[in-house]
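As structure tokens, here come the structures.
Same chain, two partners: subunit A is paired with subunit B first, then with subunit C.
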Partner chain A sequence: MQLSSNSSALRAFARIGWRRAAAEPLATAARGGLNVLALGIFWAFWRATPLAELRRPELTPERLIWYLAVTEWIVFSTGIPYREIEDDIRSGALATNLTRPIDYARACCAQWCGGIAFRLPIFALVGFVAALGLSGTVPIDPAMLLAGLASVLLALAILHLCHLMIGLATIWTGSAAPLHWIWQKGLFVLGGLIIPLSLYPAPFRRFAENSPFAAMLSAPASLALDPSPGHAIAVLRLQLIWLIVLAGMAWLTDRAAIARFLERGT
Partner chain B sequence: MAAIRTDNLTKSFRVRQPEPADGALLRRLLRRAPAIDLLAVQDLSLQIEPSERVAFIGPNGAGKSTSLKMLTGILVPTSGHAEVAGFVPWRDRGKLARHIGIVFGQRSQLWWQLPVRASLDLLGQIYDVDRTVLRQRMARLIDGFEIGAFIDRPVAQLSLGQRLRCEIVGALIHAPSILLLDEPTIGLDVTSKALLRDHLDGLSRDSGTTVLLTSHDTGDIERICERVIVIDHGSLLMDLPIAQLKRDFLRRRTVTLVTAQETPELRIDGVAAVAVEPYRLTLSVDTTVVPIEKVVATALERLTIRDLSVENPPLEDVIKAIYRGETADPRASKGPAGATQL
Partner chain C sequence: MRYAWTLLRMSIGSAFARPIAALSAMLLMATNNFLFFITFVIYFRNFTSLKGWVREDLALLIGVCCWAFGLAVFLAGGFRDLATTIGSGGLDPYLGRPRHPLPALLFSQSIPSGLGDMGSALVFWTVLSHRGWADLPMLLLVGTLGAVVVAATATLLQCLAFWMPNSGLLSEELFQMFMMVAYYPEHPFGFAVRFVLLTVFPAGFVAMMPVEAVRDGDPRKLVACAMAALAYAGLAGWVFERGLRRYTSGSRIIELR
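Showing the complex of A and B:
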């Protein structure tokens, strides 16, 4: 009974996430436009860059634009969900949410799943059509598409666990923005948002490739540069490890944050 | 079994006193300010039976909201015990949620971007209400609270009064046995307040729902509740039937008449003129001597009325009177024009 009640509630929250995302067509259109603009700029940039001098056959403008299409797909499909938790905490809406028969963190995750289910196909369509139009090719074996999709979903799960922790940190810090700012810069630099980590100097590359930031962006996007089964397995293994570690951290953060809220009332 | 029972419920908050601003910056950064315990609720013991409609009143900072938060399980007490619908709130929050409905007047549980109907439907799913039952219940509540005209509009487009009616419907969607209302009429105009009070009164009478209401508005308390619990400084000050509160502390009403006559005059037993101005007469009415309806009817009969308002005594004045241990005598005190003192 409890299980079916929870699944019914989780489905309801997922539906809320979908409907809220669908209720913002202008924001979705603006993000889509920005996505295409970024791809256009970097297509011109990579074509003007003498990549052949690097003597790395996988780094062609065609593959690099698909790398960017994947990282942008993940970033635009995510949005800034930590803000919802921050708003709930700062406005006192968390108290209302805690009076419902479902765990707050699970409700947030279900709601985010609904939002992703709405945005993911839209931004896939926008980004991939743009990348295909610019490069005229799809640099991944159709047989590897499933591994690529699994990797993107794992990346989104890891990203949202980070957003959950950043949002809940508001209970201690009063504002999650500074923490998000630091995390976002880490994602930009160590996650390889635009430039693949394989272009980094060796010591930085090793550090970045094993960081959770790589598991969120660079790892799934790197399948556009190296679509071999061996690399796909390595990518999925890295992501699974970080998913387990970050899920544990998110669970502990959630417990500590809610306990503090219940003790202090704010 | 009592619907709500608390035994010596106590809550204190540890807060740090701010350092004086004239101290050295480094010292202020390095040294933690001394902590003090602020007592919000102290040894609160009360019992509310099923179907009772109780007002929980007190001035700002009295501990009402803190108590309500503990009763809903979103605040853990420092000591003491409480049971709501047979559950210890802070231990069984999830289970308790299915038995209580909560309305915070200043917070929304509905989704602003979504139409009201969608919000209610989603709430029904969150509480796992059977689809057929949900449809029937929604139809009854939509009808009962008269929200059908705007049920398909997004919550963000509703007026405060419309939204609060929808909030209450949302709180009742899972048919809770206990309804907790925290300032449900705050910010509403007179008409919306009256409408909401009528709906709440009808609902609690018809369904036997236990109601615990906090409000600053004595009108809410009079219209909806049958018992009043007064707290101040976190402690129980008084627990009495509404009839006694009315008789002892809510007997005076202020009636303001705007008239066509330049020097209006009205002589009725139990009515004292508080202020006489050109075209305006402010009266203090002792409702134990003469009902307010009779005063209004007499005024309409003898004067040409252009505007009329009836005001309840402010809750703060009621609390002050309770502290003074006095019952209100309409001839004992006269406040400034338009104001009512006990």
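Showing the complex of A and C:
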């Protein structure tokens, strides 16, 4: 009984997330425009790059733009959800939320899932049309689409767990923004947002490839560069490991943050 | 000027009311900028140049962007909340004052992380792009002109709230778009894109044109930067005035008491 009422409450939060995302059509459109703009910038960027110097024929502007289309798809679908938790903590709304019978962190995650369900197909379409329009090709193996989609969903789950922890850090830091900047740049550099990790110098590449940031961006996007089944299995394994680790960390952070909030307030 | 100075002194004082938080925001912002640059270090480790630009040019460009954005948010950080203030009827207390509301709104908030941006700009220029101290006055000048363009463009975007009351998120997304374009080298773009970046979406005047003015030592490009700063600042003031005519009170006049 408790389980079914919890799941219906979570579904209700997911619906709220969907409706909130749907209620901001202009912001979604602007974000879609930003996505296209980013792809346009990097299409010009990679075309101006002397890729022949690498002597790696698989790295063409066409493949690199599809790599970027996947990383941007994940980033733009996610947005900056930690801010909702930060606002709840700073405004004191967290206290009201804690009186609900449903766990605050789970309610947030359910709400974010609703928002993602709304934005993911939109940005998939935007990214697909933009990358196709720019490159004129789709260098993705259709047989790998399912693995690619599973990988993107795992990446989104990991990203949202990080946002949950960053948002909850407001309880200690007063503002989560500085922490987010650093995390975001970690995602940018170690996640290979723009440049595939295969171009990184060897020791740094190994470190980046095994980091959670790679599991969030580079791993799913690398399927556009290497669509072999062996690589797909390695990618999914890395993501599952980090999902479990970060879920545990998020659970611990949530317990500690709520305990501190109940004890001291904001 | 005295009015602006008083407003600035108050907002900066308020920003440093929690000095440790302000200092850590500055340090984290500077770290953030250097982490961003790592991507280009990796890029230029693999490739000799990007259409004639080398790592030092990118450091110069990122430095100008950091200075422009940092100075804008440090001195006139109020532009980030303009749309929310307009949408929630928060202009009432400002309209009751004898002075024009725009300076008070812009100077109402100082964001201390801006100092981190400005500090990192100096490192980008002098250490990473190997520019001598003699270039510093010119760099500070073009960076400051870029800051005027940043603040003016942000104000223009936030003024959307006069016509579309719940446009805060939209304005923020558009501003992010603007800054994102500014942080990347724009010289590989074609004429049409560069034209757009120097007119309707003036990201080109934040870094590209200033950097070209410094690289080429071309006084005409410096004049173009100065003219753009004046033009966009004037446009922002004019659009704000036009928007103000549409503004309806949020019944917050009581806050004046």
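Assorted remarks:
Convention: the second predicted complex is superposed on the first by the 265 of 266 C-alpha atoms of A that agree within 3 Å, B and C clash if a C-alpha of one lies under 4 Å from a C-alpha of the other, contacts with A are read in each partner's own complex, and residues count from 1 in each chain.
Definition applied: contacts are C-beta pairs under 8 Å (C-beta built on N, C-alpha and C of every residue); 3 or more make two chains touch, one makes a residue touch a chain.
This structure is a prediction, so every number in the text was calculated from the model and none was measured.
By the touch criterion stated above, A:Ala9 is placed in contact with subunit B alone, subunit C being left untouched.
Of the two partner chains placed by the overlay, only subunit B lies in contact with A:Glu263; subunit C stays clear of it.
Contact with subunit B, but none with subunit C, is seen for A:Thr99 once the two complexes are overlaid on the shared chain. When the shared chain is aligned, subunit C comes close enough to touch A:Trp181, but subunit B does not. By the touch criterion defined above, A:Ala30 lies against subunit C but remains apart from subunit B after alignment on the C-alpha atoms of chain A.
More subunit A residues lie in contact with C than with the other chain of the pair subunit B and subunit C.
In the superposed pair of complexes, A:Arg20 makes contact with subunit B only, with no contact to subunit C.
In the superposition on the C-alpha atoms of chain A, the part of subunit A touched by subunit B in one complex and by subunit C in the other spans residues 24. Touching subunit A in their complex are the following residues of subunit C: 18, 21, 24-25, 28-29, 31-32, 35-36, 38-39, 42-43, 45-51, 113, 164, 167, 169-170, 173-174, 176-177, 180-181, 184-185, 188-190, 193. The part of subunit A that touches subunit B in the complex is made up of residues 4-5, 8-9, 11-13, 15-16, 19-20, 23-24, 91-93, 95-96, 98-103, 261-265. The touching residues of subunit A, counted against subunit C in their complex, run 24, 26-27, 30-31, 33-34, 37-38, 40-41, 44-45, 47-51, 53-54, 173-175, 177-179, 181-182, 184-186, 188-189, 193-195, 199-201, 204. The residues of subunit B lying in touch with subunit A in their complex are 13, 66, 69, 72-76, 90, 93-95, 97-98, 100, 102, 104, 107-109, 111, 113-114, 118, 122, 125-128.
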